[in-house]
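Each of the next two complexes has chain A plus one more chain, namely chain B in the first and chain C in the second.
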Partner chain A sequence: MGEYKMNKRNRTLSGFIMHIMIFLLILPLLVLVVWSFSKSWPWPNIFPQEFGLRGILHVLDPSSRALKSLLLSIRLSLVVTIVTLILSIPAAKTLGVYSFKGKQFIKMLVLAPIIVPPVAVGMGIHLTFIRLGLANRFIGVVLVHLIPCLPYGIRILTDVFEIIGESMEQQARVLGANSIQTFTNITLPLIAPGLISAGSLVFIVSFSQYFLTFLIGGGRIITFPMMMFPYIQSGDRMMASAYSMVFILATLVVLIMMEKAIKSYYSTKNYFYL
Partner chain B sequence: MIKEKKTIMRKIILFLLIAGLILNLVGCTQEAVVAGENEDLLETNWESILEEAEGTEVNFYGWGGSQMTNDWLDNFLALRLKEEYNITLNRVPMDIDQVLNKLLGENQMNVTGTADVIWINGENFSTARTNDLLYGPFTHKLPNFNQYIDVESVEVKYDFGFPVEGYEAPYGKAQFVLVYDEARVEQVPKGHEELMELVKNNAGKFTYPAPPDFTGSAFIRNIIYDIVGYEQFITMKADKEVIAKAIQPAMDYLNELKPYLWRNGETYPSTIAQLHNMYADHEVFMTMNYNSNEAAARIQTGEFPRTTNTFVFENGTIGNTHFLAIPDNAPNKAGALAVIDFILSVEAQASKYNPDNWGDLPVLDNARLSDSERAIFDEIQIGKGALPQHILLDHRVPEMPANFVPIIEEIWMENIL
Partner chain C sequence: MKKTIKPYIMLLPAMTILLGIFVAGLSMAFLQSLGYFPTIGLQEFTLNYYKEVLTDHGFLTSLRFSLWIAFVSSSVSVVLGVLLAYSIVKSKHKKGLEEIVYKLPVIVPHVVATLLVYNILGQSGIIARMAYALGFISQQSEFPALLFDKNGFGIILAYVWKGTPFIAMVVYTVLSNMNNRLSEVALNLGATNKQVFWHVLIPLTMPSIFSSFIIIFAFSFGAYEVPFLIGPTAPRALPVQAYAEYMNADLRHRPYTMTINMVLTFISFLCIWIYHKTFKLLNKYNG
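Right after this comes the complex of A and B.
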């Protein structure tokens, strides 16, 4: 009985903390939504004095090309996500399952692009890409997005491979499956949850890239953040909020769709290690 | 035995892959496209330039932080260019320093770029010119330039004291104005003395953005002009000691003002955007702008209160001209020429002047306009919160040479901050 009571109190306390946390996370987003519809919001009013649709109408107006760049951004980041995952799986398996000399060093090295700021290498990459004919092109931007994205993809999947190990794959091989069958029937379903989290993070990292897209895309590839940042910089809060709101919504929708797609493909019943 | 063979094979394949990758990177020095193959474009006549421009795509690179400006380019200019020349205008929101970085990189590799028209002035223009990044001189080719622009005017010949020499065409004019809230400022100051009095009586209600913010820096230059006059700076040497001595009275003034500023002058807003938002939030009762009509635009968008108005000092405020240039490695120079010429037309300048569209001051010379053309400009209703063109032009003083600006900012930081 006493234990039950204790449990209940604990639960109300943790529930309370959880609600506060959610509130703290949601509140700034709410402010963003309010700002994207308010003309002015001077201190000390708790609520804005005047509302308007200027921001959201501008984003939706075809002549502003905001939606066009949003679609381009989504396409670009999806391609980057897929390429990153394809490159990450073998690398992550090697780092997670096998042991070899210098493994720790390579694990560190994988994180290098996050540690070294892109500005430091950006100009050099730009020159090289001009020479290779990759600058100002979609493929060039995809390649340059791989730099900040790969560390996340590889690190998350490495942890997944460390957990699942190689025993299930070996079992499949013993039972006569070839390497492709093993990969599609055993490895992929096993790492599917890892793919979802790695894919989500990589998508977000690619979707919010600004500087590298700018430099390599050279104004030919105009992504959504490139339309959004000038407004944030110039202090037009209504416009900046409207763009940010669309930015967040688009990310959410894509991520939810991505998760649904992967989950429905590899039905969840086999997650024995979770 | 077999296993060993397999690992050796693997190693060989791995080696080949790596070697291939490296060779690929080194060997792939693609033939750089050499820029400037249509160098003779300036030799041909205007009709053939227009013919070449017809149906092409022109990439317009410029600052994209103002909705009004963006909408004018997207809704007016792009549509009219499509109708007139079947040109597709592609607006690229990019800050000029980023454009210059890109051009410098491309210039180093000697390849054709992507920008056809760039929006530029001042220090950036002198940087671009000294690095040979611009195409020209081209302005003498433009019919509208020859017809409507006063080529002898100081504002067309010099950009922040740097000779233009036909490498950029005027786009619009800006002038520094002070913006205030009629509901909270009783008496508009006519000069620096009255401003001091007003700020002293309303401590904490005024401030200016700290340089190197563009507008804050202009405010300081304006105070300098108001106290010591602007004439001496035209011939002055760009020497820190000489300048420091000349502007000492202005520095004393700003120091006297400092304790009465917002937060006792211990800190300054770092950007004009921040000051605008502080003004919109009623934290201060005055803001400032290097675009004389932006306050009117912000009343229209609802950001600023309806009681907002602008004023200039009796001794005048600084004005400058912003320009359009063509990069030396522009892929479509003919298209760029056609676009710039169209922007210099009466129709485009009048539309740009209309505060409903943008509210940027026209660059055309009044004396060269016909009566009917002048009437087009006169008919435009300038919005609430903006000053009419003739008041601005009567109170307009030229900018200092561009290389004075960083020196003055340095002196400010040493003396005031």
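Right after this comes the complex of A and C.
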């Protein structure tokens, strides 16, 4: 009886701690939402004096540079995502299925860009990019974004390949499918869920990149985080919050569309994991 | 023969990028830190730049500041993250809530996390306004300057806001996949909930907690945006200092920049090594 009471008390306490912590994590975002819809919110008011859409409308105005940079950012990060996935699939299959000499070393090398500061890598490669004519250009920024993105793409897909193994593909080959048929009809549908999670994370990493874009893009490739930066730096809360809101919503929309696209493409071939 | 080459061929595209940009970039930075920079006529290898940088007072202060930020923010994130994960598992509420908690901070970039801290903790932030309304302070400047301060309080908070859900997600995944039997056996043998937490759950989750600690430690040690936006001008965080040196118009200054970058890289390699060691430990436990 006593024990039962204890357990119940413990559970209420855990629930209480959980709700407090979740509230504290969400609260700053709520303040952000309020700021982005405020028109005038002077010190020391706890609530805005007037609400308005000026900030949001400024960001979404078709003639503004903000919207242009948002579209550029989405295009850039989608290209980065696709290239990362294309490079990651064969690498991940190798790391997940085959055993070969130097595998441990390659696994460490693949992880390294998550941990080594982009500041060091970026400054080290900058001069070479300038010489090769890659700096200040879209392609240069795509290439440099691959560095922080590849580790996530390869890691997630390696886990997927470790689970599914190679048996399905071998069966298809035995039954006479060529390697292209096997890849499009067997491998891709099997790893589709992994492609969604790897693709989402890679898109997020690329979309929120600031330093590498700024350094290699040289102020010519102006992505959305770069448009947002000066407003945060100067403490313009309303504009910075509006930019942030649009940033978060755009990410969500792209991720949902990406998931839908991959799912609908493979739903007809979904017979493996019914 | 064909079989032995195949893995390497499939790795080739990704490795070309990693070697051609990541490894090449670091190697170039390394050569320049040793004084080899033919572009401006420096051809002789020397350790002088390391000697100068490593004894420079400003550099050492920056290094200490960056290590402090990284250590405190990752430790606090781990404690709060474990607490959050544990309380979610314990309270057995309906699914869904925690999903939002994990996902949102992943989507919100560090630049925005900085703004969140600024909105809340700045001298005209929401807490300062509440303090005014409650009569604790009579004007903005009386509210303690928590941003841009020497202890990096605002920076740490931004990292904690990003780090806590990440740790919670890792620990929650391990806890919910973990076999319940061990906890039940311990409870049956008369252990209290507290004892189960400290002597069963914590040791079992320790390797994954530690490796995620390393990841957020390395990140907050090497990231540029947050300390640039809400950090103090003195001491500067190491990545901010490195970029400030990089912008020096005098190219002969470059080797100093690259030496700082090499220190950043060296410490992150140390983190990778520790991470690798923990993973070996993890496999030992699971096997």
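The rule is simple: the second predicted complex is superposed on the first by the 222 of 274 C-alpha atoms of A that agree within 3 Å, B and C clash if a C-alpha of one lies under 4 Å from a C-alpha of the other, contacts with A are read in each partner's own complex, and residues count from 1 in each chain.
Everything below uses one rule, namely that a residue touches a chain if its C-beta (ideal position, glycine included) is under 8 Å from a C-beta of that chain, and two chains touch if they have at least 3 such contacts.
None of these values were measured; they are calculated from a predicted model.
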Chain B versus chain C as contact partner of A:123, first or second or both or neither: both
First, second, both or neither for A:40, with chain B first and chain C second: first
Partner chain in contact with A:133 - chain B first, chain C second, else both or neither: first
Touch count on chain A, higher of chain B and chain C: C
Partner chain in contact with A:22 - chain B first, chain C second, else both or neither: second
First (chain B), second (chain C), both or neither touched by A:238: first
First, second, both or neither for A:219, with chain B first and chain C second: first
Partner chain in contact with A:145 - chain B first, chain C second, else both or neither: neither
Touching partner for A:64 - first (chain B), second (chain C), both, neither: first
Contacts of A:227 with chain B and chain C, given as first, second, both or neither: first
Residues of chain A at both interfaces, chain B in one complex, chain C in the other: 43, 123, 127, 233, 235, 237
Contact footprint of chain B on chain A as seen in their complex: 39-43, 50, 52, 54, 58, 63-65, 123, 126-127, 130-133, 136, 214-215, 218-220, 222, 226-227, 230-231, 233-239
Chain C to chain A touching residues, read off their complex: 4, 6-8, 10-11, 13-15, 17-18, 21-30, 32, 39, 80, 83-84, 86-88, 90-93, 97, 101, 104-112, 114-120, 122, 124, 126, 128-130, 132-133, 140, 161, 164-165, 193, 214-215, 218-219, 221-225, 229, 239, 242-243, 246, 257-258, 261-262, 264-265, 268-269, 271-272, 275-276
Chain A partner contacts - residues on chain B that touch it in the complex: 25, 28-30, 32, 59, 61, 63-67, 70-71, 74-75, 78, 92-95, 98, 101-102, 105-106, 108-109, 111, 113-115, 271-274, 276-277, 280-283, 301-305
Residue ranges of chain A touching chain C (in the complex, touch as defined): 6, 10-11, 14-15, 17-18, 21-22, 25-29, 31-32, 35, 43-46, 86-88, 90-91, 93-95, 98, 100, 106, 108-125, 127-128, 143-144, 146-147, 150, 154, 201, 204, 207-208, 210-211, 225, 228-229, 232-233, 235, 237, 240-241, 244, 247-248, 251-252, 255
